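Presented sequentially are two complexes of chain A, the first with chain B as partner and the second with chain C.
This part shows the complex of A and B:
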């Protein structure tokens, strides 16, 4: 084998630089924009396993930047997004944030999508004492206890006691009263916390846990697992899964004709258009965690206009065509930054954090206030039920009625239908 | 979980069906890695590429994914020849095929994944055939056609390849190049040409496996990562260059995974399945159907 010489190393470095720039499209608009913009930096999963949600979030953030710039920018300065693809690899994230802060010298930072990508950014952001508005993290700040961290997620401070509450509250309204539950969760942080909540609350309500297992993310076939759950004959089936697995679980349940009083829980995937198109009526009566639905009770000011804009760009950007999951929250994440900067009147990280701790933010997903730990002061885990689904037509998801909100009571838009597993 | 005969039988049957998919994914690697000694770590990514083209062409033509997989196989054969030419020119010819060749296929894998995201976006893609949601029931045994049809398709493809390798002159030359490439020169056969042809066949098999994958599950650009460890393990357990060994190892892998998932939970499945690999190698280092050196 030939040793790498100095000239070879130079070529490799050049190739690496070119490859890096190629995936960081946000750098190029920087050259075209006006002088002295407010630069907001972040990494985002534009490839890899979380790219589906990452790209949708980015599209929403770009719409926000465009909206703000159309109104004259922030503090009279144009807004510019500087972003890099973290390839859904947490190992890339610290380097990206170091570059954003030390080389690109951005004014503000926001987070990549979700817990596994947010956590690696925290030490870098904390070291520079930056205010950090994150999206869809789950308990990241429990470990770091950073007072400038703010998380746009409905789960709130106490996931263990609240996350599965809606599911079990709804189950409590069914007749006959459910007496047993099966719990299945993928081996990742979010799902394990969701399963812990279901386990904790089920025991509190004297619901017997008859199946309680985890599965590795590399699982290909869910037929044996679902059959084992079926054999345990639970009244309730609580699943905490991620997108590729959610599809396999629901298809296996359909093939095995699994029926339960309630089926669902904390599955990530059924919120996305690709799932809804493929699974169609298999989703009927599924009761699942969610963060947004186009029901009249969630028609907050500006959200309809945002979704119209988003759906125009979604097809071109090859991302989730409906935008009923992450995009409104990604837009609202940037609205939090915008409103804090406007109130403070300058880029001052300490003042921004103080503002975020004390103020209410009016966003397209409703009013948001943060607790001392930076989570939402009041949890708002939605439990929605798919109702009346006859095929994979996505148009129905643009109107109320397909994804009915059952919980929380103040946003409720329909009544539960049981059991899962009967024809619509 | 208490023992239940019905659960055991269904675990074995679903494991055999899953093994069919694994066999489809691993058969191409049995040719490239097992016979040609080319560590094509990009093979699962190429399978996913095949799955994406199946979705696009199948949606456009309105054909069954498995039919499209067969129709597009010649294109993947040509693509495979192109990859081999690059590999041979830059690495094999210089004797750099071991570590640098591996790095080359790592690079190919990443380029394919990013390329798929750029071309198709990161969303899941699917193409459900008419039988995708049908399940046959024989007594207490469930046979979802989503798993059964791709499994049978895989067996047919591997059977066809087996006949070709054992009955045709070129097939025998491929088997010969796996044993002693230099000896082939003495018979006035260019081993590079034979290897090129064999590598093309392995990539055509990846395309067919892509068709099988689309029937089983929706695909996204990174779907291949789940299969990397499994297909190499199956190839090694089967005895590298042995197609019957590849099938047996794939079925064994599927059965062990699913029976373990049924009775002990899915968390144990990969550990037990790879434990079987170690056990097989401890008693038969050459694999189930491999020949001892």
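This part shows the complex of A and C:
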């Protein structure tokens, strides 16, 4: 018990220090570097369930601020980040954004990480007609239809018809042709949309759905579920899960020696260094949705330099040590803001939104354009396969070859290997 | 001037002063922070009716609050009605839920009753997660108008609604305390068998208390989707509501009408201040430490501590 207490206290102290640093710079402008900084406000999950990704995103955004300030700032003014911990609690978000806009009087706002935190910020941001660049939201603007909302997410406008396309396209190249699929998804927004896409596209391709179930987020034992999937003998297993479940599902699959022509889908978790270290060879041949991989086809200008900087601070900040998931997108999110402000030449929310709608953004994750709804104009769901994984050594994930890109074709860096697991 | 009149006059005066003060302050953040504090005044006051007076500890506050929030969403989606009808619907649904819970669980006492209320929240969450009409696991969106005349802003309207609910809940708590109902509940808390032996209708009183407690918790939750514009099951059934609903009356002084108000204002203000000054990671840490300190130093809460010294 004492160890747990200390660890928790350590995390708390770190989160306090990180948030305190940001807030103190916001509360006491005298601490801000230089005169009249451009202040960018946001809430971020630095504690609670989404803290792992939230803290990694914050580290990337701080690197961006440091890079911009080292080059003389934005419009000749230093950049200052003002952020608060939303505790992964959507109920905190409206208050935080009101404080940022009405009391702190920030010049620009960006979003916290993921749909459940972005959506509660939307009414506040819309009321003040601010331009809002968000990160990894899923269909938030479908309801709000706000013309100054821009989302940094590879899924694009039509998740139903595109999200599982890569998985099934790759399956289509295998011999013998897969004829059945099992779909398992956690009861949350992202996973249900992913499962809907798999269901829709499988039927379109005459792949029989032999198992289709959801499970509550509190599930901890996946052995019965995986046994049921095993009993259905599917050729393909498509899982849409969140980090704690992904771990349980993969471990259960390994213990039950489940094998399929392809296993994976839309699992969130295997993208993170902690999973890769823990699961090691269990990940071998897993074909999974992703947003970034250090393959030569994704070596966009600036990304290697960013990852080097990020990995230097990651250990100190106790965030994801590799930074191959959220961090490049968090940095790119701020690059979008930076490039729009530079082009417009002033802080004018309407002009910034017009610029974001019409221009191409050169970022460390490649060129980005936005559609009328503010999603990426062209979806770029990656399907990667873990190949040649023999242990939990993370060094291999810093080099090409461990997480090979199979889809989309223009970023493809390898060929699929089948099956997943040891055939019975 | 009798005590009741003085109470309502004082509460109305305080409410008007708060609204006037926030209008003078002139920014929306004051309304949001005020709303945050006042929702806990309602929740803590509701918990106090069953937990404080009758001694039945309800761990399912988040479940009742979420029932209220989702009732408001259903009323809006089904009938297109707005916040105020939503609050009445929330009171009715959560009140009935409280009554049903009372019938089903009041044969249970002590820790068994508490566990049953906790289970109720889990059952409700599972139901909501699988109910697509209210958004299911994806959550529900509430798009509201930017301005609501005659209020200065939408957030001012929400604040005033919650202020009225907080005053109403406190008034109901006070009325319960001063009535035969309150005295009966206190007798149940002290010794239920003895109370029954001397003619206190224990089952009826407990059912009234669970219904009232449930209805007021539902009322606390009804404006939640309007406040955040989006509500998903994780946010609606947040553990923070259940923890605060218990901690606030205990710190302020459970079993008194003023105790939950003092506890809620103190704790929620501290949490809100921590959110925007140091770090909100301290929120539950503050609650935990205050509970430890008060259990050790003032087990009857702030009011009990002052009364003992007096």
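Some notes on this structure:
The criterion applied here is as follows: the second predicted complex is superposed on the first by the 391 of 424 C-alpha atoms of A that agree within 3 Å, B and C clash if a C-alpha of one lies under 4 Å from a C-alpha of the other, contacts with A are read in each partner's own complex, and residues count from 1 in each chain.
Note that in this section a residue touches a chain if its C-beta (ideal position, glycine included) is under 8 Å from a C-beta of that chain, and two chains touch if they have at least 3 such contacts.
All values derive from a computational prediction rather than experimental measurement.
On the superposed chain A, the two partners chain B and chain C do not both fit; they clash. By the touch criterion stated above, A:127 is placed in contact with chain C alone, chain B being left untouched. Once chain A of one complex is fitted onto chain A of the other, the partner contacts of A:58 are absent, as it touches neither chain B nor chain C.
When the shared chain is aligned, no partner comes close enough to touch A:294: not chain B, not chain C. Touch criterion met: A:102 reaches chain C, while chain B stays clear of it.
Legend: residue contacts after superposition of the two complexes on their common chain; A:187 is shown touching both chain B and chain C. When the two structures are aligned on the shared chain, A:213 is found in touch with chain B, with no touch to chain C. In the superposition on chain A, no contact is made by A:341 with either chain B or chain C. In the superposition on chain A, contact is made by A:143 with chain C only, not with chain B. Touch criterion not met for A:198: it reaches neither chain B nor chain C.
Here chain B runs into chain C after the superposition, and of 7-15, 97-105 or 133-141 the stretch doing so is 97-105. On chain A, the surface touched by chain B in one complex and the surface touched by chain C in the other have residues 23, 46-47, 49, 187, 216 in common. Across the complex, chain C is touched by residues 12, 15-16, 18-20, 23, 27, 46-47, 49, 84-87, 89-96, 98-99, 102-103, 115-116, 119-120, 122-123, 126-127, 143-144, 186-189, 192-193, 216-217 of chain A.
Partner chain B is touched in their complex by these residues of chain A: 1-2, 23, 46-49, 51-52, 54-55, 88, 187, 213-216, 218-225, 227-228, 231-232, 243-244, 247-248, 251, 254-256, 272-275, 277-278, 282, 317-320.
Contact residues of chain B toward chain A in the complex are 1, 4, 7, 10-11, 14-15, 17-18, 21, 96, 99-100, 113-114, 117, 120-126, 128, 133, 135, 142, 144, 146-147, 216-218, 220-223, 226-227, 229, 254, 257-259, 261-263, 265-267, 269-270.
Within the complex formed with chain A, the residues of chain C that make contact are 27-29, 32-33, 36, 126, 129-130, 136-139, 141, 143-144, 146, 154-155, 224, 227-232, 234-235, 238, 240, 272, 275-283, 285.
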